[in-house]
Amino acid sequence: MSNYFNNRHIGSWLLISLILVLLITSTAFAANDPNGSATLKQDPNSAVNYIWVLICGAMVIFMMTGFAMVETGFTRARHANNTMMMNLMVWAVGGLAFYFIGFGLMFGGVGGMFGSLDKLLTIKMFGHSWGLLGAKGFGLGNSVYDVSIFLLFFFQVGFLDTALTIPSGAMAERIKFSTYLVYTFIAGAFIYPLFGNWVWGGGWLSQLGQIGLGQGFKDFAGSSAVHAVGGTMALASAIVLGPRIGKYIKGKPVAIPGHDLGMGVLGTMLLIFCWFGFNCGSTFAATDLRFTVVAVNTLLAGCVGGMAAMIYMCFSSGKPDTSMSCNGILAGLVAITAPCAYVPTWAAVLIGGIAGILVCYSVYFVENRLKIDDPVGAVSVHGVNGLWGTIALGLFADGTYGNVKGLFFGGGFGQLGAQLIGALTLIIVIFSLSYLLFKLLDRTIGMRVSAEEELTGLDVPVHGAVCYPEFSISSSLSITTNNTTIPNSITIEKSKN
Amino acid sequence: MSNYFNNRHIGSWLLISLILVLLITSTAFAANDPNGSATLKQDPNSAVNYIWVLICGAMVIFMMTGFAMVETGFTRARHANNTMMMNLMVWAVGGLAFYFIGFGLMFGGVGGMFGSLDKLLTIKMFGHSWGLLGAKGFGLGNSVYDVSIFLLFFFQVGFLDTALTIPSGAMAERIKFSTYLVYTFIAGAFIYPLFGNWVWGGGWLSQLGQIGLGQGFKDFAGSSAVHAVGGTMALASAIVLGPRIGKYIKGKPVAIPGHDLGMGVLGTMLLIFCWFGFNCGSTFAATDLRFTVVAVNTLLAGCVGGMAAMIYMCFSSGKPDTSMSCNGILAGLVAITAPCAYVPTWAAVLIGGIAGILVCYSVYFVENRLKIDDPVGAVSVHGVNGLWGTIALGLFADGTYGNVKGLFFGGGFGQLGAQLIGALTLIIVIFSLSYLLFKLLDRTIGMRVSAEEELTGLDVPVHGAVCYPEFSISSSLSITTNNTTIPNSITIEKSKN
Amino acid sequence: MSNYFNNRHIGSWLLISLILVLLITSTAFAANDPNGSATLKQDPNSAVNYIWVLICGAMVIFMMTGFAMVETGFTRARHANNTMMMNLMVWAVGGLAFYFIGFGLMFGGVGGMFGSLDKLLTIKMFGHSWGLLGAKGFGLGNSVYDVSIFLLFFFQVGFLDTALTIPSGAMAERIKFSTYLVYTFIAGAFIYPLFGNWVWGGGWLSQLGQIGLGQGFKDFAGSSAVHAVGGTMALASAIVLGPRIGKYIKGKPVAIPGHDLGMGVLGTMLLIFCWFGFNCGSTFAATDLRFTVVAVNTLLAGCVGGMAAMIYMCFSSGKPDTSMSCNGILAGLVAITAPCAYVPTWAAVLIGGIAGILVCYSVYFVENRLKIDDPVGAVSVHGVNGLWGTIALGLFADGTYGNVKGLFFGGGFGQLGAQLIGALTLIIVIFSLSYLLFKLLDRTIGMRVSAEEELTGLDVPVHGAVCYPEFSISSSLSITTNNTTIPNSITIEKSKN
Amino acid sequence: MKKIEAYLRPNCIGDVINSLHEIGIEGISLTEIKGYGQQKGHVEHYRGAEYTINLLPKIKIELFIKDTQVSSAIKAITKAAQTGEIGDGKIFISPVEEGIRIRTGETGETVI
Amino acid sequence: MKKIEAYLRPNCIGDVINSLHEIGIEGISLTEIKGYGQQKGHVEHYRGAEYTINLLPKIKIELFIKDTQVSSAIKAITKAAQTGEIGDGKIFISPVEEGIRIRTGETGETVI
Amino acid sequence: MKKIEAYLRPNCIGDVINSLHEIGIEGISLTEIKGYGQQKGHVEHYRGAEYTINLLPKIKIELFIKDTQVSSAIKAITKAAQTGEIGDGKIFISPVEEGIRIRTGETGETVI
């Protein structure tokens, strides 16, 4: 209005505006609802929906306790303090990575009720627009100071934490603590959100329905986006790190029993409990009563997975192995996580049963054929069965929910195709990225602790205190090893202590 | 209509119809609501009601973690892996038994909103019809593919798991693992659902109001149907199994301290938490605000139970015994489980206090008089106090809820009579059936492990690995035994290792 | 009406009336709603609100499990049974103290929907009436037999338990068990409710708005009323008790590592989970969607607190200390507990970060400067950071909720003033009362166990059994002490065994 | 004065102590050890991978006794610990030059 | 060269090590043991049932020392470990024929 | 008959057992101990407070062998346990007067 706005200054003004717009993304004037009263008025059901999601979200966060127990219980006492700390700090670091960066990338293209997240970087292909990455919501600034978005953040941060903590099981007993934290931050800020955006953030995989592939790629609660992503990163990390000293003697794998199997069992139980929050909460609404079916399917797949693994172990090695039974239950739960809302109970039984067997075979395969040392079976439980569950959805979805129909229920190859594309994409993208990341870390700050630290146990060198200072621990590796196995590699190291 | 339907074929047709009817029970055409939208429309409160029940149900399932901790903590290290596995696999096997058989038998006579469970086998007596067993819902087939029924299943499966896991405490350290799993399946498929149907499935005990006995047999959350059933099966199992080697020296019981009392305490705490889901969720509706009273009564009975037991132990043996204090809390919780919704707080205090004393006396009685070895006090905690709670309801119900009035609140002997009939029925039916089952198992596949396995510890012979391979465990039985008690029985066995 | 009511008898009648009134508080005629149907009719949202509060309340009670793990894990094995029992029985004794006395004092001036608690002892000052203590609801008698009041009681009892259990960490390894229980009862019946009334029971601190101090003293979920009260009592108890034998050698503090650091980590994780119930549930209504902001702020403050403490320790002593990282997370959670509903996320990050550093410095200060032995850092975590959080609210409240505005958001010094008055009051009143109490207990029944019991471990002398009877425990204090530190004090004691 | 060291099965310790008690031997020290001898370990599986438990838990007892007690002590231990199967363990006797009771400072065979 | 074996109360170990340190003895090995002697166990209750804790936790220290150090070592230990009450423990001295330091392979009294 | 006591680093135990196995020594007993010698402990921090871990975990092995096996046993242990750095540990040899195999009651060097 003032004549100050003349043509000469238009260039400068444009620049300044741009900066202002960027600033504004983190300040006021969007129609946000930071205390929820407007949201509640618009939808009175939001009270029940919000508490539902919040409670389930807390249960998902609680899963870290279960993972910490499983991973620590199934590894050795001399590293227990370190394994615990990894599982604890992954929550802290991962949470902050998600807050500052990851959440914006993953969900910055999804609308909330007020103050929506609506910045999605897209690409045009095949005559359609495809979402690639979000670009709003970093640091939960003023523009997204809205109850709906905070709820989404809270629920999702637990999923992130789960995905990030999975590789810690594969890296246990030999990973540098500082490197682990760096991995956590990068994976939480960039790798996890990338695939997450494609599946849940409105990205291209979720849009595959546009080109006739069923309802687009579906993953109800995260067999792919959470578990398979975690399992694939676990694989990459275990490859880069190499096996623990003494794990392979003359090329033969040596059993390294966990130091507290009971802790592993209790962790599994705790995970079962939390899994009901994980899967059922993924309805994201209490008014979507389908969560009852989700709960029953989750339960059944876990039960059958445990049974199947236990029976398989009885046949393959003669006894009902405790840690593999736990792995079987978890495998069943992982596998049902994607299809839990879409399949009938008999399919859940089938999916869980196959998962239970798959995990046993995969553990054998990874250890004996690939010669990769994955101490707690993270790759087999979360990676292999995450993919299995993702694909199973394309087979068994019965069409009673969201009109998602699998191959066996008249859905043809559309949905299955979408699922396969998603699975393949995941393997390629996540494996490449995480392998690259770990290689890079290895070259720069180093992935692996010294042989001496590894043999003595990470607890004192890394954290200054053993986990169990008063208990008498059999400190010799050899107490329970294969006859020929008194690990010779150790001779070479001639490590101190 | 076609003349094919002539008399000659009528026999064949009848047969075929019968088969068809059976098949139909597991296929389509009932007006089900598998995704819940119709249910929600009919009752908008179902959102809040369903999440309430689902969350409480998950908490009930979580109880297995608490039981695993209590049972393992209060028994010995050399069997810890086995005790844990029993508590884990009871969930898997029990869940499947309930899915395939038990649920149909127990609830196959109860209506859901859509796709109701409505097949109840009944008997006519005293001019009334009495329910005996359900006959619908096996394997949660298509005819019951309905959110209300899935919710019921999910909530109930945790209760079943609780009942089934109770005897594992009484059988700990000497039961064959395979036999244990067989027991779990049979009890989960047939024994538990039988009494369960009579109480909660519309069966005859719940119908006792028909002949003027109060409001019929009442058990709000399972003092009888869950705990007393579990405790009674525990009694039968402990009798059939006999005491652990070294438990009785010259007829005198020897203390066998649990290997991790802290674990037992933590398990008790976890159970307290879950118990609020157990009892409060049994309103089966969020709109029934009486769950507040339930919660407070549950809390108080647990507090007083623990106090009473602790004080009792101070008087009887001089010190506040940890595991008996835990037992006291659990006893209070068990006892209040049936009456929690019906009694005023002062009655909850009384019921809990009596439970705390009862459990101490009962533990003494079972061990010293009956000479039955019940390592963690399952019979006393769940059996005796389950019955006490069942009867207490008939005494203290104050009429402010469901018009249930006990003896002390002007209800006369009607309600009390119903409660007594229920308690008596339970003892007779459940004890006979389970005793028979255990005797049968003993005769056929055998109940008890070999003396050698028992002395060495079940972990390696049964599961191939000890629970704590790196910790130095005092492997001698005698470290903490009565002076004269260095168990002579062992001499006779002369077991190896 | 009868002429019996003449003047002559008026004195007697007044007396009798008084007695009757007192009696009536525990009997009928108020318009109560013991089964909740009237409440539900009046406010249909009460279903969702009530389950929300109830579930969160159960999570708060569950916190005792986390505290038991943190306190036991970070102290020594020889006292583990005792430390566990303290954490268990505080629940029982504290619960009863609150039921019989504390609840009435604290909330006896707050209205419920029906059958309100409305007796508040007040004082007139500055022309306003100020609440001092409630006087209704003792023993939850008939006059308060109402769902809303029972809900309040249930939710609050967990908070009480938390406050009471905090000092057990500071008193661990040397407090007499019986004295501990007496403290629990008195603090639960009188000390905690006093300050609680002033903050949450309608008392004078909450009324400071009357004289223009912001919205009056605010503490959303208990940084002050719960944590700082607990932490201040912890300080008083640790001063009165004195340091553990061997803690100070020639005035220098000696590290006494906890016996199971992993247990402490798991306890911290469990507390994180429960904290979401603690803070979010404090909306006391599901319809107040602000709990989403509460949840995110709680999460962030915990994450940053842990990170900050870990990094601080890396700089100050070279390594990421496990127990201090746990303390850092807890400090962040404690600090955000008061302001969680009022501040933006960046402030939560700041508050948590400062808390994480504060706790490290405070632990150092208490141990090295004050020479007070606080085994698990209760004073620093709960006391110092409870106060920090209380004050932080006065700085960072952004006005988007309840119109509470801090110094940095245009609230001036009003709100901050109220917060400072509250904090000061707390320190003075609670410290004096609890110091007095502990001194009194010390003089009468004695606070401290004998040196012999302390050195041998409290488990056997107090409870008759060690926590880990089968594990081989390094029973010598000296296994991990400073070189010059082989505790000489012990020589003097020359204790047996 | 002699020192007896016996390496025994954990399960027989109670009987051994009773048996020694009967012949008047009251001073004993026990150590949890792992042993390896003719009794071979057994192959087990953990997560499907084979391993041999070849160090078995044993208990070592140490007795310091008078020269005259040696043969009766050996008999007492043997009686209580013998099962006749491999793994029963061994007893060794070695010379001791002196013993001191800390409480009293006394020396010689009376300290036992 | 002699071997000293002392069976001590756990609580006095710190003092004993300090005391030995003062007279120049630096090589020590400690073992957690359970002991049984004149010091009788105590009766406790677990779940109301009686039991006697008659094997008490003790610590055994082993020192290999030069012949000339024997009497000063005994004194040092006694000084630090004596309370005068039953259960203080005992010290035994036995002959050693040879010692080898693994690191250097050297033998004789210098290895100590 | 001799008794060999060796105090070793936990990590080398596997090699030591293998090495002894190769020269035909099959009977071994292992004890977890804490050792203190020339190898000094290290200073660590717990909650910011300094402490020294000066008792290091070691493993003690005991072998009862024939007089003729002594030198080969010493060599076998030394070979497997030597790293050349402080803390490798020590071997001591003492006399044994008699051995008894409990299973058979036999005595003398054949029990080994």
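In order of appearance the chains are A, B, C, D, E and F, and numbering begins at 1 in each one.
Just so it is clear, a contact is a pair of C-beta atoms (placed from the backbone, for glycine too) under 8 Å apart; a residue touches a chain by one contact, two chains touch by 3 or more.
Quick caveat: nothing in here was measured; it's all calculated off a predicted structure.
The chains in contact with chain B as well as with chain C are A, E. Over half of the residue-numbered contact pairs of B-E are shared by just one pair in A-D, A-F or C-E, which is A-D. Rounded to whole angstrom units, the spacing between the C-alpha centres of chain E and chain F is 18. Averaging Cα coordinates per chain places chain B and chain D 47 Å apart. Averaging C-alpha coordinates per chain places the centre of chain B 53 Å away from that of chain F. Shared interface positions of chain F, defined as residues touching 2 or more other chains, are 17, 30-32, 34, 44-46, 53, 55, 83, 85, 87, 94-95.
Under the contact definition stated at the top, the residues of chain C that touch 2 or more other chains are 48, 51, 55, 59, 257, 317-319, 321, 464-465, 468, 471-474, 478-481, 485. Chain pairs that touch one another, listed by label: A-B, A-C, A-D, A-F, B-C, B-D, B-E, C-E, C-F, D-E, D-F, E-F. On the chain B side of its complex with chain C, the touching residues are 45, 48-49, 51-52, 55, 59, 76-78, 257-262, 265-266, 268-270, 272-273, 276-277, 280, 285-293, 295-296, 299-300, 302-304, 306-307, 310, 317-322, 325-326, 329, 344-346, 349, 400-401, 468, 471-474, 479-480.
Residues 9-15, 17-18, 30, 32, 42, 44-46, 53, 56-57, 59, 80, 83, 85, 87 of chain D are the ones touching chain B in the complex. Residue ranges on chain B touching chain E, taken from their complex, read 253-257, 313, 316-319, 321, 323-324, 360, 363-364, 367, 377, 474, 478-483, 485.
Against chain C, the residues of chain F that register as touching in their complex are 34, 41, 44-55.
Against chain D, the residues of chain E that register as touching in their complex are 2, 5-8, 31-38, 55, 58, 60, 74, 77-78, 81-95.
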